[in-house]
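In structure tokens below, several structures.
Heads up, the next two complexes both have chain A, just with different partners, chain B and then chain C.
So, the complex of A and B:
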């Protein structure tokens, strides 16, 4: 957690367009956050965050784009919705965290590299098979994470209980092709900056 | 019997959470709820999709809503809270024109109309209810102490999920009580288990799941009962990892609520798939049976003592009940 005593020069660091972008993309009235801290109090991940969630809300209000987008916290939010549920001003805080993650990706930030690796691997599995191929995802992650043996111990328990499918369980009809087409259009739009 | 409900199993239910799917289908059948699979269903996008892009998430879910509508379902039910959250989010956001336009662009065709998406828990609770369940129980779970664990998103955010209380949900409590189980007052009903961080940040998942297990144990539960495949995986399959990080040795089983419901309804073993649980349920059931036998012995002792007093004898010393709970 960072020190509360940090000088910020708002005359130079404030990015008003960032404030507007987050408000537009999240559909949330960010000004109504009055820093009560309820979101942080209920957040199960505060202990692992570098910046607690109410301070992230403040960074967004202040337009401190780089600080907000480069933090680890936005990658460690599990979208458990405790913050959204408990915000007295009905801000969907979890949606704001989501939007910051989207922006961080576009800006090339990924301080929690493995979270991004997992997410990308999951979606790649869906794009390829139409459904998540759990064993394939686990194997890919093991290879890319640099921790190939982390979950190796789970194999025998899964195998003996018939939970480890070595082949993907793909949809039988057009589903696989339609999902692949959704991803193709999405990637094309991303490349063209839409 | 009314028209079948559209059933969206979700990816986990054909793999690591097969027992949730098997027991859900069996319970619904036994309780007269007809299910028909959404034809050619695909992944809803789950958490990874919405953390990358909201329109991508919307399109992946909307495709399934289209499939459901094409098959004539106006209601879709799913056992998985993450699938439910994804489907409901898409359904709600599609009401906004700009969102709908972008999702339809990704889909390459017009999007679905409104679809009523519900959890299996909600349907069992609202359509059958504790009373309906109780009437069909043939093998009550008497003596079994359960901690009902709903997970983060079964009821949150309340504006979207629109079912039960977001801070203190009771649907599973009520159904398990109807099955004859003793539901402990579990304060961590909606605390996060570490979700999908088991792979990328095992340490985070270990810390959070250890808290859940520790709390369930201190509540005196024999089992943690779940409604989410990810919670189940973290607490059951990953138990060795969680125990090794916390230095504890908790062996409490983590059945799905549909498995316990099916057990109480007297369904055959094949319909419960209890063998797929990593931590076996049997020791909890044996503990419950022993506890109940002890209570029965205590009650019998009380009755005998009363009879003796009536007959003019001195009351015999009461057997000491080892339980904290009152033995009545």
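So, the complex of A and C:
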């Protein structure tokens, strides 16, 4: 990666296919962003970001692929959509962030390991049970994160309020099979390269 | 008949995709064509000279020029043939630029189409007849709609030039938005002090008649002879008797009326004079709040009025006036910030509009020029200004820049620091648009001399928070230069609301038969070269009704519009266009269909001595639209220069060439 003091050559460092891919996958007109900063102004998580969201939009406009895909911010985005709501140019900024997350995973970037671990565990739980099994997910995340006791203190309180069940509560009827079919379809589409 | 044809290259505009020489060569074979040539620029001086010389040398009696749109140069060529002794209507133009060269790159087919168009023009010219314009008298009076600074300036200039002026204003006083402003940028001079003398002049000039509390109801007629109906809304006060003493306002018991002149941040009485410098300085009763008019009791104003001017029975009045020209100067209104939930949607009293803040700064305003928070009357120590509220914002369908907000925001920030020296002023901006004389320097002064903090970024939201001396407003925004979210705990927030077209602008445009854009701003005839004209002859634009403008630009455009009106009405007679409908009385069966279909009321039915009826065209009213001629069941009405036989000659020419070219 370039040092922050090094000038970025705007012609050679531009990855036009990246700009076009983000525009196509998100369906957003990225050129209409005029960098007013209203997305950052409304962002609920910007204090934890390494790059504020309006600068991520700028990286995408300039086609600076690696910088945009390797940042931590896209993994910390809560998709609360404040940026989308505030944008004066009707850009769905949260969708752009989502597209960047997908592209980052495909490119092998996952600087926030725990976010990836949690997301993977969440999806695996849904695939197996048809809906998320909270206790199983918490246990799985606790083990994989390497900090098994981090959230253990919350357990008793959640149990006493009936927020945590010991056994998975799977959807009735065909629900479980239908959810599983969605996962199957997705995996098949990915294999066939759709 | 002897016809000459000139095919223009228009530099490369036409020649790049049309073989002009080939078109000229083909034209030489058309009937009656005795001469055809091509020319680099037909409209140039040498081009016109060639046309004139050829007409004289070859004794031509008609000319076809194949070049650009008639909207560009028809008059140029008509004058050229006229100089050579031909009637100006013995000329036809084939548009081979906009209709051919600019829309296709296929040189072969372009050349064919250009040839077809020239053939059509030649065939029409063969059946064209000379036409002569008639002249008619003009009314040397002008109607100006809107009494803001643009309308006042246009009225004074027109009156100076010797015209009688009717100045119609919707509100009770002229003065417009400028009369509400405290100071003006970039000189910080008192707004009403510079506007006041002009208002007084407009009020006293014997050539200017003011109609305030009035609106244009209906417009008919045509350039030189418009007939206008004006609705004078009832004021419940006989203004011929009212002296503007203000005694009624002191006695009026209905004292909780939102004061529109003060942007509703203060209260006034049901009968009132809007502001001390009002012209005319006359009282009006706000019927919605008057106790007498709503409940039938009271009558305090009528008792105190020393001249007996109050008349609760007064009704709206409609007057009819004749004018030769009209200037629209209806100005703007401001963006309604209550549409924006993120800025409180009007729920926070200490979030005010820039115009309300002007009233707070003004010595004649409700706080006598002391800046006080509307919520608790405390002097604010931290004031935040937010730019582009309802400007450059596609999400609220206002993508345009209002142009003047950057400047008035800098002015208001300077005045804030001037009025309250221990205050802090922050301006959230996206870009600073300061492209007027002395404007950029003024914005720099705000930052350098008055230490106004400019923050480059938009504000996402405002929420109430507890402050050390009462409630404050937390303003959360971004500083994009810093790349960070920022917040300011403000005592007062001023929204730089953008410009919108005046309320009712589209309706007025339709009455005037002029065009308006998606946002309700009136369309000029050409954005660069005819900026004060409209596409309706005799109707002109002044000020921000055409698009957001600051005071200097509005005044300049008002004087420009006045200049255009003075030039138009300097003539005693105007020439009418002879391309109008004409009735062949011998064919007319008097069915009256044309009279009913004419959108301009230009057809009258005349009764003959035997009692039968015939249609008759009022030449000055007819606009040459041609609706009557397609309505007539017996082809008795023909539009001159576009008669059935002339149009059919063109169609026949086209169909014949179509046969030839589609054979292969």
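Basically, the second predicted complex is superposed on the first by the 186 of 194 C-alpha atoms of A that agree within 3 Å, B and C clash if a C-alpha of one lies under 4 Å from a C-alpha of the other, contacts with A are read in each partner's own complex, and residues count from 1 in each chain.
Throughout what follows, a contact is a pair of C-beta atoms (placed from the backbone, for glycine too) under 8 Å apart; a residue touches a chain by one contact, two chains touch by 3 or more.
Predicted model only: the values in this text are computed from it and were never measured.
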item: Partner chain in contact with A:13 - chain B first, chain C second, else both or neither; value: neither
item: Contacts of A:32 with chain B and chain C, given as first, second, both or neither; value: second
item: Partner chain(s) touched by A:153 [first = chain B, second = chain C, both, neither]; value: first
item: Which of chain B and chain C A:117 touches, first, second, both or neither; value: first
item: First (chain B), second (chain C), both or neither touched by A:40; value: second
item: Which partner, chain B or chain C, touches more chain A residues; value: B
item: A:52 touches, of chain B and chain C: first, second, both or neither?; value: second
item: First (chain B), second (chain C), both or neither touched by A:82; value: both
item: Residues of chain A contacting chain B in one complex and chain C in the other; value: 47, 82
item: Residues of chain C touching chain A in the complex; value: 342, 388, 392-396, 430, 456-461, 476-480, 483-485
item: Chain C-touching residues of chain A, taken from the complex the two chains share; value: 32, 34-43, 46-47, 51-52, 54-55, 82, 86-90
item: Parts of chain B lying in touch with chain A, wherever the complex brings them together; value: 11-12, 14-16, 18, 39-43, 45-56, 59-60, 63, 67, 105-108, 152-153, 156-158, 166-167, 190-192, 194-202, 204, 207-208, 237-238, 240-241, 275-278
item: Interfacial residue positions of chain A with respect to chain B in the complex; value: 44-45, 47-48, 76, 78-82, 84-85, 92, 94, 98, 101-102, 105, 112, 114-115, 117-119, 122-123, 126, 130-132, 134-135, 138, 141, 145, 150-151, 153-154, 157-158, 161-163, 165, 169, 171-176, 178-179, 181-183, 185-186, 189
